[in-house]
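What follows is subunit A paired twice: with subunit B in the first complex and subunit C in the second.
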Partner chain A sequence: MEQVKCECGHVNPHGTVFCESCGKPLEEQGEKSLLDMRYEGSARRSQTYKRTIVDQIWAFFSSVKVGVALIVITLIASVIGTIFPQEMYIPPNVNPADYYEEQYGWAGKLYYELGFNNLYGSWWYILLIALIGVSLVICSLDRVVPLYRALKRQGVKRHPHFLERQRLFGVSRISDMDQAVALLKERLAKQRYRVREEDGHLLAEKGRFSRWGPYVNHVGLIIFLIGAMLRSVPGMYIDEVMWVREGETKEIPGTNGQYFLKSEKFIFDTYKKGEDNEVFNAAIDRVGDGMIAENYQTNVVLYKRVGPTVAGAKPELEKVKEYPIRVNEPLKFDHYALYQVDFRLNEPKTMSFQLTDKQSGKTLGTVAIDLYDPKETYNLGNGYRVELLSYFPDFEFDEDGNPSTKSRVPNNPAFVFKMYAPDRPEGEVSFVAIQQTLEPFGDNKYKMAFAELETRNVSGLTVRRDFTLWILGVGGAIFMFGLVQGMYWNHRRIWVQRVNGELWIAAHTNKNWFGLKKELHRLLDGTGLTMPADRLEERKQAGQGGQAHGTA
Partner chain B sequence: MVQLSSTLLYISFVLYLIGTFLFGGAIRDKRKEQQGKDRWSQFGIAVTIIGFLAQVGYFVTRWIAAGHAPVSNLFEFTTFFGMMLVGAFIIVYFIYRLSVLGLFALPIALLIIAYASMFPREISPLIPALQSDWLHIHVTTAAAGEAILAISFVAGLIYLIRVVDQSKPSKRTFWLEVVMFGLVTTLGFVIVSTAFGLSGYEAKFTWIDKNNQSSEVEYHMPALVGPHKGELAKESAGRLDPLVEMPAIINAKKLNTVIWSLMAGAVLYIALRLVLRKRIAAALQPLAKNVNLDLADEIGYRAVAIGFPVFTLGALIFAMIWAQIAWTRFWGWDPKEVWALITWLFYAAFLHLRLSKGWHGEKSAWLAVIGFAIIMFNLVAVNLVIAGLHSYAGT
Partner chain C sequence: MKKQQRLVMRTVILLLLLAALGYTIYANFFTEKTAVAVGSTAPDFVLSDLEGREHRLSDYRGKGVFLNFWGTWCKPCEREMPYMNELYPIYQKQGVEILAVNVGEPKLNVEKFAERFGLTFPIVIDRQDQVLNAYGVGPLPTTFLIDKNGKVKKIITGTMTKEDIKQHLESIKP
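Up next is the complex of A and B:
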């Protein structure tokens, strides 16, 4: 690699804009314009080598222009994704192809055909994010290494051309140079600058660590993106749904049969006038009494399996804990979290009937039918007995007009009973459904009179385990740290040099020039030294137009 | 307590209004004498601070009355956003001592608070998803971040008003007028809502929704556009029959409000143009005449530099933590989430352009204006138009 030796004796890598040590511009054309202080004029790989394919790819991704373009494209794509709802937010039981057209007409159809219904999961959106990731890595490496080198090797004594091409620059002629420099040194230290002195020249510097902020936050972002990618690795991420009825004990899906959950009770509360804080009355009036949800809660007992899993055998369970799962208060155990997400109220559980003598109205016994596990025969004693010939949990007439069941969930239970009594030894048949009774073989003496319906609530819970969360957390924390480091501090430098019997003062900051100028005012107040002028402003006023320059 | 709370909000509103005029006085005064103490500004900032304290009083008393931080619906959130904007202005004022910033920041805060007041103002109880300390943490931080970013809009606006050449029409004057028209239309919305609200206008329609169900809707403004197959209910006989009927997927009531606001905005804008006999931005230009452009640019940049981390923390990081707790996943591509990401991406691009491509001055000011438009879109349109999990706002 060729290297460039500066007149001060420092050897710079090829591509350096101005000497790392003394700051003398290496490719000087006698210009008087302000120096571009970004990256300290260091030799960036992307700016120096452009021959091979690798060089070109590197140069491409290290460009901020490309990075910003990627950000803007991602931004526009994200906007498009919010025009119509994404597929995950449309009703679950519809065909998306039809749904988008029905709801939004031709625009919806086009949206669906272009695949925008799943935009954020599309290959090209993920590719965009990946390209941003690549750009982050290359951009950062391209800059941080040479920047670190340049800041580490900067000398105290600077070349006059470096100083006079700074944005803040002033020259003072004074008699007692030593005294002035000593005073400035003392004041700078008081303003919490780190001051280095060499041959009577000063370099005061503070907040250099803020220069690393952008790179730290980029590292955080990369860790975050890696965490998000790991989610698709099997085993890192579990997302299951379980429905559990009151009183029921069920295996928790995704736990390999290790954990079981019993629901003791599901509670659904709404805000009611008179019960709740009366300042809510106006809001309750507007929406309707009992219409605003107050609480969704499932009281559960968590069990862990003890002993080995034996197929077919009833698991042996050990109680771990009781917990009320509420929205915002998931049950956490062993990296799993169980969330309250859904519910069904009043699902029928048992239905009771009384065997009744139609004429006298006398009841001869009660039959309670478990709608999930009905018995074949219910013996009522004294010669009374009821047989359940057929059971339709979700009753309907099928296409041929025969009774059938839609599902195994007892939404609309119907029964065919055969009632035996001492005076009806051959039995009477009766078809009983909600709100209707049929006696297919003529008038019966007895009937099954509906007594009561016992219902229970069902809780819909989500089971999650996500081993990527801590990675995302670490990434997010590093990102935030880097952001604050880079944004809330700035890197300020003040050079004080003796040049040909004059005292030259130049200053640079990567941002917040207003703050630096205030600091300089305080530094020079009462010293009789000339306040460095803001040459960018001077140039603007002189109508030359400002140079883009100066910050990183 | 609730009464006290509303009174305090009202007081703060009036004080911000007075503050605006005092800062206006400061501008006029400065032209005459550059030296000496700037009394107008001192009074202006004092009144602003008292107004801010009154609004903090509103916030605290309402919190006590409700038992939860008043940031749970559109009125409360937007009011809080206005308060944070004033708070951010006060801080920036003490750093840079720029009176003209108050002259522009306060009216925008006033507009925001007035806009907020057009939505249901009663204290509503928290639905289960909102019952969490993260409500206070996430919403307040996000609002604070957006408010600080909004200061960059104010600084950018001042920059543009000063720098855009008003002697001949151009693209720049056009877009600057678009910004002005947007502000005037917000005022138009406030005026028509208040006017019809005071007159107690009500018209009930029965209509057929997109699932072919018959439903009812109550308009509070005369229906220029009516709902799908809408018919005036009996008790509303004599109310205006809609001029145009909308298909079922469009929320005709909201569209009607938008049309009324645009009409009121247009009337106001035209009236202003006729009275001023020049563009609004041109009429405002003298107010910004003495502004140091570099300082305005610096304030705009500083606001983004400070606001961006706060916004990231509140609107993305805290939001993700809460979403993981309440909604089982830290990110779900809900429209509000996506728009927070869009806002974040935009300001990330802003910072990169500024840092590396040297987009200072006017370009940077335009970007600040666009950024604020995105924030407002997320606040207004995403809540009201693109419904999602976040739409607690109501009608």
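Up next is the complex of A and C:
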């Protein structure tokens, strides 16, 4: 049987709980029980047909239980993901596969193998989120369509069974029905109900709009998820880090070689007593003078490349603008934004040494070594000459005990010099690191005495371009709108009906029964009509009194 | 019939959802994280070698190119360099070039390194990290195998054995 015809003549879809038009219960329940008004008793589509595979998949996702289960699983997974650190927080130079096992044993190994180390990037986590999205779409569609249909088709005149099985229901015997109904109609209109009248029966309704709240909310959520999904589309979302030294011009990563950035200066200011407003003095005293950061700023020049882009070729640059990038004041151009996020102070740039006669202390010339591009030979004249045999920008001893470099950044420069002098034509070898000098081939006559270290600051900037942000914003706004719509309005209905010479009043709301009762009090005040009783409360009280009968 | 319509509707919606899901999974897990994808044309670049000669990738069209990104401090790079050096003259005759891109170290250090291992293939220095960015190179060493049409055939991250290198060179012979 596909459709159910009600005695009022309305044809309902199979699975309907009570008639869409007159409200007569179609499925026999316990006579005294209250009607389940969820979704207006409409037939949820998924429960109607379960024939083809498509219908079965649909039915699966339309289940709220499935949706809740998916959310709970995702929550549990997220909780587990906080037990050990995520991969981005482990030391950068270790192999994560080994690291987790070494640190946390078999649990760490399992953690890594199941992808908890990079939770948001693991395939099953993304799949879970996507399935929640699918569940959201299908659950909503499966409920909003029949609900809309049921609310649109509801009749004014309801079947007595429908009325007497409402939570708020009362019967009054009065003489002048017409007058009472007319008065109620007027008062309902004053309380801003939309009142429909049919054969002397009334249906007053307000705030139906509130019923769409959850679905509007879901639409917002789905738009939000789409925005998040679009981040994986190339070009939609760029999030890169760039380090630029003072005086250096560098390609801005993520711009396909189109833009270059020069750092003029990095500025790090602190609050100092006497220089800043006196109100800060107490705080400065507490933390220490010059300890509280006031400003992180990189003065930059932005260049655009003109002409063809060939990586590595010396770019032809056109100045676009100068800008001081400060925290929360990014440089914006062409949908990109450059944020000040990090810095390194005093990175070595040039190191100077003096060739010195150890005995007399006489200096024979100064050698200034560019730590980014050292020369092989430095000629000091008068037969004095220094050769750079080896250079280690980031010096350490490797596993075999040989001097080597950890990286290409001159964090800890070390040198092997060969010093030639008129009286030492064969040259003398000297190993020089910071605060350390070795003379591997015996006692030297000359030494390279440290003279000066020239440093510069390095700025850490984030390059960001996000075309999904407005989608996330729109989604979030719709989400919020739906939430407010569903939370702050109530869908209230009051039925006034003449049945066998009595006036029946029933009322229903989707939330805030207290408010509805207050409204009914005001409505019936002084009319002599019976205030509908809250039968759920009555039952509860009866149940508490130990006389449980007629359970709902 | 109405039931038919509903089935079509459901099928369409499910397919749309499946497409969105499929794309997300695909984009996150089956595309190259590097800026250069296998099968795409390798970005052109110009860099100078230690003798000051310019090397332009597009000039190598018609030959296979074994493009190796390395640094002197990187031990795995150091391990594979001698193998590359050994195989270079053999495969150069067969139309495969080896080009080693140093990641912006001082020329002095690169020269000393090349001297120490007697490297004969051209070594260019990417002073400004431009080529590094264009190829999206993360860990070192990273090697791009480029065929005679300038297409990237394979991207190898991490150290290679001599046998690996031999096979890779073999695979891009014109």
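Following the convention adopted for this analysis, the second predicted complex is superposed on the first by the 371 of 552 C-alpha atoms of A that agree within 3 Å, B and C clash if a C-alpha of one lies under 4 Å from a C-alpha of the other, contacts with A are read in each partner's own complex, and residues count from 1 in each chain.
Rule of thumb we're sticking to: a contact is a pair of C-beta atoms (placed from the backbone, for glycine too) under 8 Å apart; a residue touches a chain by one contact, two chains touch by 3 or more.
This structure is a prediction, so every number in the text was calculated from the model and none was measured.
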Which superposed partner A:126 touches (first subunit B, second subunit C, both, neither): second
First (subunit B), second (subunit C), both or neither touched by A:387: neither
Contacts of A:101 with subunit B and subunit C, given as first, second, both or neither: neither
Contacts of A:311 with subunit B and subunit C, given as first, second, both or neither: second
Partner chain(s) touched by A:251 [first = subunit B, second = subunit C, both, neither]: second
Which of subunit B and subunit C A:357 touches, first, second, both or neither: neither
Partner chain in contact with A:87 - subunit B first, subunit C second, else both or neither: neither
Touch count on subunit A, higher of subunit B and subunit C: B
Which of subunit B and subunit C A:373 touches, first, second, both or neither: second
Touching both subunit B and subunit C, residues of subunit A: none
Sites on subunit A touched by subunit C in the complex: 45, 49, 52, 54-55, 57-58, 121, 123, 126-127, 130-131, 133-134, 137-138, 141, 226, 229, 232-233, 249-251, 253, 256-257, 310-313, 315, 371-376, 388, 390-391, 393-394, 398, 404-408
Residues of subunit B touching subunit A in the complex: 1-2, 65-67, 96, 120, 122-125, 127-129, 131-132, 134, 210, 249, 294-295, 298, 301-302, 305-306, 308-309, 312-313, 317, 320, 324-326, 328-330, 332-335, 338-339, 341-342, 345-346, 348-349, 352-358, 360-361, 382, 386, 388
Subunit A-facing residues of subunit C, complex: 3, 6-7, 10-11, 13-14, 17, 20-21, 23-25, 27-29, 43-47, 56, 71-73, 75, 103-109, 111-112, 124, 126, 128-131, 133-134
Of subunit A, residues touching subunit B in the complex: 38, 64-65, 67-68, 71-72, 74-75, 78-79, 81-82, 85-86, 88-89, 103-105, 120, 271, 276-277, 279-280, 282-284, 286, 292-296, 326-328, 330, 337, 339, 341, 462, 464, 469, 472, 476, 479-480, 483-484, 487-488, 511-514, 534, 536-537, 546, 548-549, 551-552
